[in-house]
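Lettered A, B, C and D in written order, each chain numbered from 1.
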Amino acid sequence: MNFYERLMQLDRRWIYLGVAIAVTIPVLAPFKVPVYITPEAKAVYEFVENTKPGEIIFLAIDYDPNAMAELHPMARTIMRQSFSRGIRLIISALSQNGPGMAEQLISQISKEYNKKNGVDYVYLGYKPYPGITILAMGQNFRIPFPTDYYGTPLDSLPMMDGVRNYDDVKGIISIVAGNIAEYWINYANGRYKAKVFFGVTGVMTADYYPFLQSGQLFGLLGGLKGASEYERLAKQEGVATEGMSIQTVAHLVVIAFIVVGNIGFFMSKKKKR
Amino acid sequence: MKKTKAVLFSILIILFFFNLSFPQENLSPPPPTEVRASDTQNDNGHSITITWKLSGDDGAGKKNVVAYEILRSELPTGEFVVRGMVPAGNNTYQDRGAKEKEDKNYFPPHKDFYYKVRAKTLNSYSESEVAGPAQAYGEWFHLGKLPVFVGTLAFTIMVLAFISLARKGKEFYVRPLAGIDAVDDAIGRATEMGRPILYILGLGSAADIATIASFTILNRIAKKTAEHKTKIIVPCNDPIVMSVAQETVKAGYLDAGRPDMYKEENIFYLTSMQFAYVAAVNGIMLREQTATNFYLGKFYAESLILAETGSVAGSIQISGTDEIAQIPFFVAATDFTLIGEELYAASAYLGREPLLLGALKAQDLAKAIVMISLASGAVAASFHLDFFLRLFTVQM
Amino acid sequence: MRRQLPILIVFVSGVFMVIQYFIPHESFEFIYEYAMDWIIIIGIFAMLLGLWSLTRASVSKVQAKAPGWGFSVMTLVGLATMLFLGFYKGNKSIAEGTFFMDLFWYIYTPIQATMFSLLAFYIASAAYRSFRVRTVLATILLVTALIIMLRLIPLGPISGVNQWLASWILTVPNMAAKRAIWIGVGLGATATALKIIFGIERAYMGKD
Amino acid sequence: MERIGIWIAALLTLGIFSFLYKDNPFYKFCESLFVGISAGYWFVTTFWQVFMPKLADNLVAGRFYYMIGAIFGVLMLLRLFPKIGWLSRWSLALVVGTTAGLYFTRYLVSNGMIQVQNTIIPLYVKGNLSQTIGNLVIVIGTFSGLIYFFFSKEHKGTFGGLAKLGIWFLMLSFGASFGYTVMSRMSLLIGRMDYLLGTWLGLIR
């Protein structure tokens, strides 16, 4: 095997090592890169910014610890922005392994802003079959969630007085990983005409662009980049902004491996001729 | 603009309380006229729609009307209760309620209601004549969904027509699909190597259409493995899927005339949690040294973990999913991929059953209709004719 | 009885669900809501089948002293521990701060997140392995992937152009292709649903 | 407790990563523990969060319609007894039939009609060249992509040419999605590295 053929058939463990180094070094020695802000991220920010104090936004935390790295910064920034502006939140967690994680986040941030459960926010928790749950909430939140996450009947929470379904909230922001997103579009927007915004994982972003254009979706945060854009907009630079600089290095490494593979491929083909 | 709205809203709230102490002033605006109350169309029967003609001072005249309040009573002369409020400029309101009798906001159907609309300015208001009686009732057909209804009927008829043609013995041509042609080779390879075949149905439930399509493929593949006396392993991530997979594989062995070779313990449940399932399947691939891996059904992020581990193990891999986000990874990391609709077509291809091929033909016809509509619709839209667009517009 | 009745149930429930889509009346809405709940309930009962299968497979491996049977013991221990901790204090067993949740946070969550993060390595190795200028199709795949990845990298003067190109690819040709797949999947899935409802596709029912 | 927990979590994390080098007992240990714990977690949480409120509470409240669901659920369990196992097909039939009906209209509307509706766009937008080109590309791409999915006609001649164009569009889209996903996958790994280097070893902050 000559040098170029070897370039073509690197043991994949070298690639793994390259990736590991690429994400470790910048973690230990952080630096910052500029962020370009997209209009669809701005749409989410402005929706929250234009919601008046006292009004309600439905925040769906539809991901589990798997997607925490990308989506937690979004949920955190949006919650902080909402609470600091006096906006009230109804929060659900429709991903099976998400409710515990969502609960931690809620209790942490509500403490920061001294917000009360049942008055400033309501945490509904989890129900299986997200599609059906989302459909049912369009009728009445009380159908899938007779009680909140902590077992208190919704009717005895002051904030839920007169709040029945999507008609009674300004809009829905779903921070979502996986196919639950489809249900929000098909059911909450499709069947009940609710205004839906998404924060999605990077992998999903491209899939949801069409919905922006078709008017089924009103704003979109895509992956860590979307989260870092949002942190910039809300002036809460944090984890996501830092993460973006590591991304740059990691992308360079992946590109480098692709280039190496192709040089090997190209040169060994040339030699054979 | 948005600031003005905010100011108006706060004014409305103040006004609401203010009114209690100063109910009337002589500067009241002209009242809304032509108030009509009628059942809301296309609903479940717990809502009445009220429409009116704007007050003369709304957008015209003194331009001081800020909102309309909608009031309801059970008697024309009875006590009217405020049901809702809309900002000036609006001339309709849907008075909606819950369908459960226990609910506080229950809206009884088939009961007479009377409505008034109140035009409000900053410090006065005027009321319309009483409209009604109106009753709420549920409709038995949703007119806005008529295009879907037509589509449903047309598509059903097409599918049934082609199936009955197929039943009468008409044969349909289908073009070759690389992924399908590879199936036989892949099974043959496993047989030669004396190693098992791994079949993954994905993370879908037994109710997902992609999973059901995969069951049919599993059935055909199980038949072939039975003929070749090759072991097939089917780890499942949903108990119902596992039960169905057992039945399906058993049926395949029965079709091949080898029911004795069927081993239920090879079709088993692991866990319903995505990554725990993947961790275990990874282990199976490397430890059982599977020669051929099939990934057909609903797949999420795990697609690439499975495909890369399979490639480390040196297995031939055939994949297929209708989950658009995962197709790129299968395309990059497996040997053959059934893209989207091809997964649904695969069962017909593998079985060569005339009935299923007939349905495939119906799909193609529907596709042709869609394409013609697309092309002519786009041309029509270029000339600002929205006729085609309306054909496909569904009101929910 | 064994074959016909299930096919009839499929037909009736399938046709009902299609019809109810067009009927807003509440009497249909009620049945629809009940049907949805029944399906959830069936799913809950079926969980026992899953646990049974997992337990039986692990126990028989241990009994047979099959290779790696010790690992099956670990599975059983993990399962039994969670079941015990999840029930012994009634519905308070799974509140935050219980040992049950500790196991979730310190065992389940880290393994889960790590399994998921393996994708970072795999996406790099898959890209290295398959993105070669071998054929026209592979080249298209490679070039678009590169353009999209480069959007995160400061490229100086061409950064703006690349950013624009990346978002054009994502919103225009990418969308066109996805629509084609969506429509195809739509037709394939509806046709399959019809075949299920009419009992033409019934491999999932098994045979006697 | 927390310190011990973090140590366990970190060791398990390393155990899973060790699989990248090769399959080994450490990974096998993590894997088998993970399967057991996750199956137990799933059963327990579904029991408390779904079974109790959905079935038990409703039955206690006298809503006996829920009994029908329970009966079908019990039928499902009869699979465990080979002689009467066929009864479980009734439950299966209910699940499959109901969702097939539900998905039928869902796919028809969301994947069919709405996508078609969105693709009926003017091919010529006056005074807006970029939108004109964009719309043209979308219509052509969708059209040729659909041609690729034709099963009952051979890909030959003009038809074959269009099908080829269609598969080019598909590949372009796959490449784009792949490239776009790299970032989210890297951030998952960054999250784990943060845990190992930060939470566990305390090397950062």
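Keep in mind that, in the parts below, a residue touches a chain if its C-beta (ideal position, glycine included) is under 8 Å from a C-beta of that chain, and two chains touch if they have at least 3 such contacts.
As the structure is a prediction and not an experimental result, all values here were calculated from the model.
Peer 1: Can you list the clusters of touching chains once subunit C is excluded?
Peer 2: Connectivity check, subunit C excluded: one piece.
Peer 1: Looking at chain pairs B-C and C-D, which one is connected by more C-beta pairs in contact?
Peer 2: By number of C-beta pairs in contact, C-D is the larger.
Peer 1: In whole angstrom, what separates the CA-based centres of subunit A and subunit D?
Peer 2: 16
Peer 1: Using mean CA coordinates as chain centres, what's the subunit C-subunit D distance in Å?
Peer 2: Result: the chain centres lie 4 Å from each other.
Peer 1: Could you tell me the distance, in whole angstrom, between the mean C-alpha positions of subunit A and subunit B?
Peer 2: 22
Peer 1: Which residues of subunit C are in contact with two or more other chains?
Peer 2: 18, 21, 36, 39-40, 42-43, 46-50, 54, 68, 104-105, 109, 111-113, 115-116, 118-125, 127, 129, 131, 141-142, 145-146, 149, 152, 170-171, 174-175, 178-179, 181-185, 187, 189-190, 193-194, 196, 204-206
Peer 1: Would you mind listing the residues of subunit B that make contact with two or more other chains?
Peer 2: Each of 99, 148, 152, 155, 206-207, 209, 212, 240, 243-244, 270-276, 279, 287, 301, 324-325, 327, 329, 331-332, 339-341, 345, 360, 363, 367, 370 in subunit B touches at least two other chains.
Peer 1: Which residues belonging to subunit A are in contact with no fewer than two other chains?
Peer 2: 12, 16, 19, 23, 66, 68, 97, 128, 190, 203, 205-207, 210, 213, 225, 247, 250-251, 254
Peer 1: Based on the touch definition given at the start, go ahead and assign the chain network to line, ring, star, complete or other.
Peer 2: Graph shape, chains as nodes and touching pairs as edges: complete.
Peer 1: Can you list the subunit C residues touching subunit B in their complex?
Peer 2: 18, 21-27, 29, 39, 42-43, 46-50, 53-54, 57, 60, 68, 111-112, 115-116, 118-119, 122-123, 125-127, 129-131, 141, 178, 181-185, 187-196, 198, 200-201, 203-207
Peer 1: What residues of subunit B sit close enough to touch subunit A in their complex?
Peer 2: Residues 2, 6, 9, 96, 98-100, 103-105, 273-275, 300-301, 312, 323-325, 396 of subunit B touch subunit A in their complex.
Peer 1: Inside the complex, what are the residues of subunit B that reach subunit C?
Peer 2: Per the stated touch rule, the residues are 42-46, 99, 109, 138-142, 145, 148-149, 152, 155-156, 159-160, 163, 205-207, 209-210, 212-213, 215-216, 218-219, 238-240, 242-244, 246-248, 250-251, 254-255, 265, 268-276, 278-279, 287, 301, 304-305, 307-308, 311, 322, 324, 327, 329, 331-333, 339-341, 343-345, 347, 355-356, 359-360, 362-363, 366-367, 370.
Peer 1: Within their complex, state which residues of subunit C touch subunit D.
Peer 2: Going by the criterion above, the answer is residues 2, 5-7, 9-18, 21, 34-52, 54, 68, 71-72, 74-83, 85-87, 91, 93-94, 100, 102-124, 127, 136-137, 140-149, 152, 168-187, 189-190, 193-194, 196-197, 204-206, 208.
Peer 1: Touching residues of subunit D toward subunit A in the complex: what are they?
Peer 2: Interface residues on the subunit D side: 20-21, 42, 45-46, 49-50, 53, 106, 109-110, 114, 117-118, 176-177, 180-191, 193-194, 197-198, 203-204.
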